[in-house]
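In what comes next, subunit A is part of two complexes: it sits with subunit B in the first one and with subunit C in the second one.
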Partner chain A sequence: MDTSSTTMKTSTKNNLTSTSNMEHVAAFDLISVEGYRMDGRKSDELRQFRCLFNTMSDADGSCYLEHGNCKLLAMIYGPYEGRSNQEQAVITCDFSMTQYCVSERRLKTYGDLKSQKIQMSIQRVFQQAILTETYPKSQIDIYLKILQSDGNDYCPCVNATTLALINAGIPLKDFVCSSTVGNIQGKYIVDLNQQEEQQQTPKLTLTIMPQRNEIVSLSCESRVHAITYNDMLDSATNACQQLFSSMKQAVIEQLKTSLNLLHDN
Partner chain B sequence: MSSYYCVPGDRLCPADSARPGPGTYEKQGCIFASIAGSIKLNLSENELGAVSHNKNTSNNEKPIITVVREEHQLAVPTVGLLAYCKITHVSPRFVRCNMFAINNQPLKSICHGMIKREAIDSNNKDTVECSQKFRPDDIVIARIISLGDSNSYLLSTAEPELGVVAARTSTGETLVPVACCKMRCPKTNIIESRKVAKIQNDFIEETER
Partner chain C sequence: MPLDTHSELLKSIDINEFYKLCITSTSKRPDSRSYLDCRPLKCLPNILQNSNGSSMIRLGNTRVICSIKCQLAKPSLKSPSCGYIQPLVLLPRTQAYTSFGRRTQIINNNAVLSQTLLDIILKSNMLHLDDLCIEQGKWVWCVSCDLFCINNDGNLLDCCLLAIVHALKQTTLYTVKIDSDTGKPLVYTKEKLKLKLYDEPLCCTMFVYDNELIVDPTLNEEQVATTLIHVVLLKNDQICLLNKTGGTIFPTEKFQQCYGLAKQYIHSQRQILEKANDSKTVE
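Then we have the complex of A and B:
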C-alpha cells in the first residue's frame, strides 16, 4: 500500500484522474489472462441469482434472495393504519445483519452508521417507486436481514425489497434494480463480490427503474475519467437490465404457480 | 382465467383505448401495470346497461383495464355477507366457530366467529338450547351481523336458509337432513337434532355472487 501511494505522489496531475495507474495498485490479479474473474465469472456476468417467495407466513410479503454468496431476507408488513395523517403512505425500513454474516463475528449488528445509511437510502428509493398515494394515512414497513454478506449489501437489499413488495401486492411504478460496476485492470466488471469490492479501484452503484429507463439513485465515490464514467454507467445499466429479466422471470413463474393452484382448486 | 401475466411497470395499452382500473396507473398517455397479476378487461357498467343515453361522452365507452392478483386474498369479512364456518365450541349461551370462507371465497387466514343463543333460530328464541342446534365440527353457513369485539365476529343463523350444511355423527357417519331441525344417520337411523339449513336455488346464487 505504501508503494502505491508514493507512485501516486510522483505521478503528474493528469495521471491521477486516469485509471491506468490504478492497475498496479491491485496486489494480485483479479482477472486471469483468459479474462475470467476470481470466482470464474466473465467480466459482464452477474452472480447466480436465486429467489424464493412467501418465505415468512407472518409477513404480508416476503422474499429470500441469493446473489452468489450474499443471502438475505426481505419482509414487508403493511400497508396498515399508521399514526401519521399524511396524504400518502409512510415507508419505514429496518436493516440488520446477523452476527455471523461476515467472517469476523460482530456483537453489535444494528444501528451503526452503515446500516443507518442503507435504511435511509432504501426508504428514499422506495418512497419514489411505490405509488404511495394509493394508501393515505398508512404505513409500510420493510425489514431486511442479511444472513450472509458478500461485499456490497445495498444492491441485494434493493432487489429483495422490490421482490417482496411485489409479493405483498403493493403497487409499484416499476421494478427497482440495483447493481454495481467496478473498473479493475482496465476492464469493467459488474456485480462485484467482496474480494473485488475491497480493491482500491473506482466503483459505481446504480439503481434504475428498467422499464421506464429512469435512474433512481447513482453513487460513485471515487474519481474517474469522464469517458470511463460513461462506460461504467453503460455496463451498470446492462447489468441492471440483466438482473431485471431474471427478477421478472422469477415473479412471473411464482405468479403462474399461485394462479394455477387457485384455478385447480 | 386469462393467461396474460404482467409485472409492475409493464405498458398495457395507450390511455385513449381504456380506463385504468385497480392495479394500474396512467402516465404519459399510457396505462402501466402497478402490481403483478393477470390482465382483465371489463366493460364499463354504463355500456352494459343503457348505451344510448351517454353516447356523447366517450369516457363511458372505454373498457376498464385491471390487473388481478390471487383472488382469494381479496375476501374480507364484511357485515351482511355469508360465511362458511366450522363449529369449535358449544356452550349454553353461545357457539364459537372458525370462519374459513366468505361468499365462496376462501379466507387468507381463519377468522373467529361467535353465534349467540338469541341469534341461532328465529322462532322460539327463548327456549333455544345451543347443544340441540350445533355440535363441534359441524359445517355451518351463517350471516355476519356485526364486526363484534376484537376477538370474534358476530354471526347469525336466524334465517331458514342458514344453519348446518354438513355434519357427522359421533362415529363419523355423514348425517342426512330430514327436517328443519332433524338429521338422520343413514346406517343406524338415529335422529340427531340440528339447526339445518334449507338451501334454495336463489340462495346458492347469492353465495356465488
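Then we have the complex of A and C:
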C-alpha cells in the first residue's frame, strides 16, 4: 500500500518540498548470493518482535508493539453499554497515524481511504474472533495509533489488537496472527519490510487463528501463478505460527510478572 | 477503577474532600510525595527513525513523544530570511473520549498548548530563525515539532517543553546546496549538520492549595487546584514566561517564593536532561 499519492498532494498545497529520498533498490539486490535479505534476515525469518502491556493507564487494555521498525499502540475501551440493541457486542475500530510515521510529513492522519480500509478489515476480523455473544447490547472500541510505519500497517495492527484484547481480558476464540509473504527471485520471503513491500512482486497477506488452523482473512492483490500460490500460503502459515509462539510467550511473560511468579521458575 | 477501600471510594465521589483529608492527615500528597517533590523523570532520545530528531519524556505517568521534521519551504514575503517553526500538540482522541468528555475542549487545549510552546520558543531565542535560511527569499527550513501525548497525567506543559528541547538537541539538518543553473535545491542526505541551540527554556508548573505551593501536579491535582502557575526559566535563570491562571488571589510574598522553587526544580530537571544527552554521545 503506498502513501505517496496523498503526501504528494499535500506537499504541493503547502509549498513544502520533501528532503527524503527513498533509495530505490532493484529486485535482484534484495536477496544476496548467500541468501540473506537487505536487513540480514533469512528468507523465513521474522523481524524482531517486542511488546509491552498496560501502556495506557486509562484504557481497559493496551499494548505497545514493536515489530522491526514498525511501532504502534493499540488500546481497547470496553466492553461498555452501547447504543445498539443487538444481541451481540458491536466492535468499532479507529485507526490513525501520526504525522511523522512515514518519511515525509503527512498532514492528514486519519480518515483517508487507506486507513478506512484497514479500519474496516480489522473490524471484520475481530467481529469473528471475539466471542461477541457474551456481551449483548454492549460496545468494544479498538484504537490504533501508528508511531512509526514500516511498509505494511495491517499485520502489526492485527497482532497488536489481539494482544491488547487479551490484556483487556476479553474472551477470544483464539489468537489472531497476521503476516505477509512475498515471492522474489523464486524465493518465498516472509514478513516484508518497506523496501520489499515496494517491489512489483506478488504479495499475500494472511490472517489466521493458529490453534484452530483457520483462515480468517486472506488477500492477494497481485498476479500470482496458481502453482506458486499454494507454496506462498504454506510459508505464510509458517510465519503466522512463528508469530503465534512469540505472542504467546509475551502473554505468558506478562502473566508471570503480574502474578509475581517470575522468581519461582 | 477499584473501589475496595474507603479512600478510593471517596476519591471517586468527591475528589476535593479526598484531597483535603489526605493533606491534613498526613501533610503529604496522595501519591506520598511531599509538596516540593517532582515525579521521576526519564528522557529517551532518538526513538523514531523517520524524523530528524525525536525524544520521549516520561514524568511519572505522563508520557510525551516529540518528533522533529524538517522540510524545505518558501519563506514569507514579510521576512525573507527567516525559517519557520511550528509546534503542534496532539492529545489522542481516546483521551478526549474518556478523561475529558468534550471533544471541543480537547481541541482547545491542543491549540493553547501549541501556541504557548511557540511563544516560549520564539521569546527565549532558543534557536535563531535566521539559521534556518538556505537562500534568502527562496528556500528556508520549516521545522515542525509534532508532540503526541501518549498518556496524560497532568503537567503537560512541562513535559512538552522538555520533549521539544530534548528533541531539538538531537536534531540534524541536511546540507542543501542550490543548483546554480536551475535554481533548484539539492539535498545531501548523507551530510548532516547539527541544529544550533542558543538556550534551553524549561518550565516549572506549580499550584496553590490551601495557601501552600505544590509543584508538579498530577491530573487529579489539576482538577483540585484553584490556580496554576507556570514559570519558564532560561539557562542563566532568567525568567522567560510567568503565567498565573485566574482563580484564587494570593499575596505578593508567595509569588516571590515561586521563583526560588522553580529555580530548584528546573535545576534538577536540567541535570537529568544533560545526563541523558551525555550517555547518548558516549555510545
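We take it that the second predicted complex is superposed on the first by the 232 of 265 C-alpha atoms of A that agree within 3 Å, B and C clash if a C-alpha of one lies under 4 Å from a C-alpha of the other, contacts with A are read in each partner's own complex, and residues count from 1 in each chain.
Everything that follows uses one rule, which is that a residue touches a chain if its C-beta (ideal position, glycine included) is under 8 Å from a C-beta of that chain, and two chains touch if they have at least 3 such contacts.
Because the structure is predicted, anything quoted here is derived from the model rather than measured.
**Student:** Between subunit B (first) and subunit C (second), which does A:Y77 come into contact with in this model arrangement: first, second, both, or neither?
**Tutor:** second
**Student:** In the overlay, answer first, second, both or neither for which of subunit B and subunit C A:K248 touches.
**Tutor:** The first partner, subunit B, only.
**Student:** One more residue to check, A:I184. First (subunit B), second (subunit C), both or neither?
**Tutor:** neither
**Student:** Check the residue A:L259 against both partner chains and state whether it touches subunit B (first), subunit C (second), both, or neither.
**Tutor:** It touches subunit B, and subunit C stays clear.
**Student:** Looking only at subunit A, is it subunit B or subunit C that touches more of its residues?
**Tutor:** C
**Student:** Output check: A:T55 vs subunit B and subunit C. Expected answer is one of first, second, both, neither. What do you get?
**Tutor:** In the superposition, A:T55 touches subunit C alone.
**Student:** After lining up the shared chain so the two structures overlap, which partner does A:I166 touch, if you call subunit B first and subunit C second: first, second, both or neither?
**Tutor:** Only subunit B; A:I166 stays clear of subunit C.
**Student:** Considering each complex separately, which residues of subunit A are in contact with subunit B in the first and with subunit C in the second?
**Tutor:** none
**Student:** Can you list the subunit A residues touching subunit B in their complex?
**Tutor:** Where subunit A meets subunit B, its residues are 131, 166, 169-175, 209-212, 248, 251-252, 255-256, 258-259, 262-263.
**Student:** In the complex of these two chains, what residues of subunit B are touching subunit A?
**Tutor:** Touch residues, subunit B against subunit A: 1, 5, 7-11, 23, 25, 27, 32, 34-38, 69-73.
**Student:** Once bound in the complex, which stretches of subunit C touch subunit A?
**Tutor:** Going by the criterion above, the answer is residues 48-51, 54, 61, 65, 67, 69-74, 88, 90, 92-95, 97-99, 142, 144, 146, 148, 150-151, 153, 174, 176, 185, 187, 189.
**Student:** Mind listing the subunit A positions that touch subunit C in their complex?
**Tutor:** It comes out as residues 11, 14-21, 55-59, 69, 71, 73, 75, 77, 94, 96, 98-103, 105, 141, 143, 145, 147-149.
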